[in-house]
Structures are given as C-alpha cells and as structure tokens.
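I'd like to ask you about the structure that follows.
When the chains are written out, they are named A, B, C and D in that same order, and each has its own residue count from 1.
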Amino acid sequence: MSRSVSQHALPIRAEDDVVLVRRKVRELADRLGFSSFAAAAITTATSELARNAWVHGGGGDAIVEEVERLGQRGIRVTFTDEGPGIADLSRAMEGGFSTVRSLGLGLSGSRRLVDEMELDTAPGQGTRVVIVKWKRL
Amino acid sequence: MSRSVSQHALPIRAEDDVVLVRRKVRELADRLGFSSFAAAAITTATSELARNAWVHGGGGDAIVEEVERLGQRGIRVTFTDEGPGIADLSRAMEGGFSTVRSLGLGLSGSRRLVDEMELDTAPGQGTRVVIVKWKRL
Amino acid sequence: MRDHPIPILRVGKTLLVTIQIELRDTVADAFQEDILSEIERMGAPGLVIDISGLDTVDSYVARVLVDTGQMARLMGTEAVLVGMRPEVAATLVRMGFQTRGLRTALNVDEGLALLGELLGRG
Amino acid sequence: MRDHPIPILRVGKTLLVTIQIELRDTVADAFQEDILSEIERMGAPGLVIDISGLDTVDSYVARVLVDTGQMARLMGTEAVLVGMRPEVAATLVRMGFQTRGLRTALNVDEGLALLGELLGRG
C-alpha cells in the first residue's frame, strides 16, 4: 500500500480551476524531482481528467497527494464529480470517442501516461478517477 | 428562461426556402451585431438543419426568433418536420454518418457551432431541432 | 452553357470561376458539369475557384467545391480554391470538415501564381 | 482585436504568434479568430505558431493548434508549428495524438526558413 505524505484538495468549479489543479501537480512534480518527461505526463493527464470533470461532470473536486511506497515517491491525483457518469465505459476508454467537439483522447491517453489508473463510474452516479505516477529511481 | 423578443415563421417547402431561412437568420445576426464568426456559425447551422428538414424530412417549418436572457441577446431557430424521424440518433450525431450522398456533418457539425441544441425525434414521428446562439458580451 | 448565373472566365489558359450566388442542389450539378466541359473544350491545365463572395459555406456546398476540384484533377487539371473568408474557414473546421488535399490560395492573384508554379510556368 | 494576451507579430509577410499563456476554452476561440482575421487583413501567406513556452499541451490545446493550422490552410496560408519541447512531443504521441499533416520546425528561424521555401521565396 502507498502512504499519503501530503494532500491538497482543490475545487473544480470553473474552467480556470483546471489550470490551478494542473499547476499544483506540476509544482509537486518539480519539487519531487520528476524528470521533465514524467512531469509532463502526470501534468497532462491531470489536465485531461480535470477538464473532463468540468466539461462532462459539471464540476467536481481534485485531491493532489504526494505518496510514498517502499521508499519510492509519487503523485496521486483523485478526481470526483457528481455528473452523469459514463454509460459506455469501454467505448470511452477505447480512444477516439467523444461526445463533444474534441479528440476523445482524454481517458485513453491519460491511462498511457500514468503508472496506475482507476475509474469508478455508473450512469447517474458521477465519476471518480484516480491516477498515480511514480518517480523513477 | 429565455424570452422571445420577435418571431418569424418560415415554411420549408422547396429548396429555395432553405436559402430564405438562412437569409433571415443572417439578417438577424447582423442586426443584433453578432461577430462575423458567430454570424457564420448560426447561419451555417441553420443551413444544415433547414436542408435536413427539406431533404430528409420532406419539408417542414422554421421559426426564427430573437431571444433575450439576463440582458443577453441571442438567436433561436426551431426546425420541425413530419418526416420519418431519425432511428439511430446517437449514430447520426456522431458525425460522418449519412444516408445520402453527403458528408454527414450536418447534425454533429451544427451542435459544435451553436451554444445550445435540442433534438426531438422518433421513427415515424418527425423531427424537431432547436438551436440557440448567444451574442458574446 | 446552361442557364445558371455562375460565370466561367478565361485568364490565359486558366479557367476562373467566381461563385457569388447560393449553390443550391439544382444549380450545383450544372455548375460542375459546365466547368468540366469548359476544361475539356479549352484544354485548360488550371482552374481557380473564387469563393470570396460567399459568407456562408455549409457542408453541402463544401462538398460540391471539393468534388469539383477532384473531378478537375481526374481530368488532369490543377484546381485551386481561393478567397475563403476567415469565418468560413473557422466554421468548416469547427464542424469537422476535412480538407483532404484541397489546394488553396489567399486570392485570385495568388491562385494564378500558384498554378503558374505548379504547371512549370512560374 | 480582442482582449486576450496572445500577441500576433509580423515578420516580413509572415505572421508570428507566440503562445505563452494557458489556452483556456474561452480564450481559444478568440485566439483562432484573431489569427484568421489578421491573415485576411495582411494577406499573409505564412503563419508561424511558436509553442516553445508551453510545458504542457493537453489534447484540448493540441486540437486548438491543429485546427488553427487547418483554418489557415483553408484560407490559403501555410502554417508551421514550431518549438515543441521534447516532453510535450513524447506526451502527445503517447496519448495517441495524430499529427494529420501539421507542418513543424525546430524553432522560429527554421519555421520562417521553411515557409520561405514553401512559398517559393527560399
């Protein structure tokens, strides 16, 4: 199990909040000494998922955490919203599928950028996504 | 709720009527001081949907309205026809799907051009589409 | 030539078509066919279609324009679409329209210059 | 020109846009529209978009950039995206982003040189 070292809760109630969540993650990645590639990966995935919570979920919350497991440091970000949920999850995860004017790469692309990704959703039940990126040793 | 300021009903009984509906919308956009981009967006969406009512719906009606909400001005256009309706709506909305020699961008493209779009249809029950574009402040 | 009001001019060996009216279904086919017949009659190696007069181009008209260019190309004539307005370009791309190898230029002069280069008379 | 803080400069006949701020939804449309209007106003045959200042480009911003290039192309203007950082390129491709005919160059100078060649004034 991974241990939470520090934790910041940030609201996603406006489009500008997406930017604030992304910045928080970028700062943490820099502070933990992530490579520029790993930092871009977790920051970009954060941007995608925070935007989804805003655009599709009608707003929600993000928790940005520094985590530790067996001496390894990492970043965990949890996104929750009380929106409509995702009806056809396998299709949404396939990539290239979008219900808005967009590329539909948010979910499928984010999974490729992080080490762990967990998705909980059901129609009418909102959506919860957790991503983790570890610092390479 | 938005309030209707003025209202014009126009028939779509011939191909030339598509042009007349489009002109009406363009005039209103110019009169309300829409930017050239916003005017092109609502005029083009109107053209797509009026053409659909004509080509797929076998003709119908359009109502072009000036609307107002919280001091903001906008254009609302309602298209109705008594045609066959759209059986597979999610497929038709995806874009790139067409039952005629066409690009299949009418429905999906129109949604991307306007601020609000509502679609009511069922097989054998005709089709009703409402679009709204607000003037940027 | 049939009775549709889209003039086809000749500039050197190039055909210049200026679209100013609405391209309705009934006009579109005649428009395409007249251009292609004129290309054959003149042996025109280049075609410029000027749409600077159009403030709205829906997916139907876009399709007619792209198709006309492809027909000309099949005959061996280079086609260039010129003069698309900013709001028309923005609208088409936002709708998801794909340009698929369409040649474009800012205006008639640039279109003619591009054809000159393409056809080795630059 | 509207009130968004993305400067559009002129280098010869080419437009140079340097993006340094976050392209939020509300800014993105205005950004595109200002570039297109400026292309028309200046008759600019070339556009360079410099993103060397961006350390994150998500799929939304990537889409806005590619769309802007396609809009410019429809108008007849060649667009070149320059200065993409290594980590941004890696991230976009890992996400499955397709470049779809986007022209690129290492930096502004290379971008201007590429445009010079493309536009026959190399």
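A few comments on the model shown:
By our rule, a residue touches a chain if its C-beta (ideal position, glycine included) is under 8 Å from a C-beta of that chain, and two chains touch if they have at least 3 such contacts.
The structure displayed is predicted, hence computed values, not measured ones.
Excluding chain B, the assembly's touch network remains one piece.
To overlay chain A on chain B by their CA atoms, one rotates by 80 degrees, a value rounded to a multiple of 5.
The greatest centre-to-centre gap from chain A, using C-alpha centroids, is found for C. With centres defined as mean CA coordinates, chain B is found 37 Å away from chain A.
In this assembly, the C-alpha centroid of chain C lies 26 Å from the C-alpha centroid of chain D.
Shared interface positions of chain A, defined as residues touching 2 or more other chains, are 101.
Each of the following residues of chain C touches two or more other chains: 85-88, 90, 94, 96. Taken together, the chain C residues at the contact with chain D in this complex read 82-90, 92-94, 99, 102, 104-107, 110-111, 117, 122.
Chain contact summary for the complex, chain B toward chain C: residues 15-16, 18-19, 22, 26, 36-37, 39-41, 43-44, 47-48, 51, 95-96, 102-103, 105-106, 108-110, 112-113.
Partner chain B is touched in their complex by these residues of chain C: 22, 24-26, 55-60, 62-63, 85-88, 90-91, 94-97. Contact residues of chain D toward chain C in the complex are 32-33, 36-37, 39-40, 43, 45, 67, 70-77, 120.
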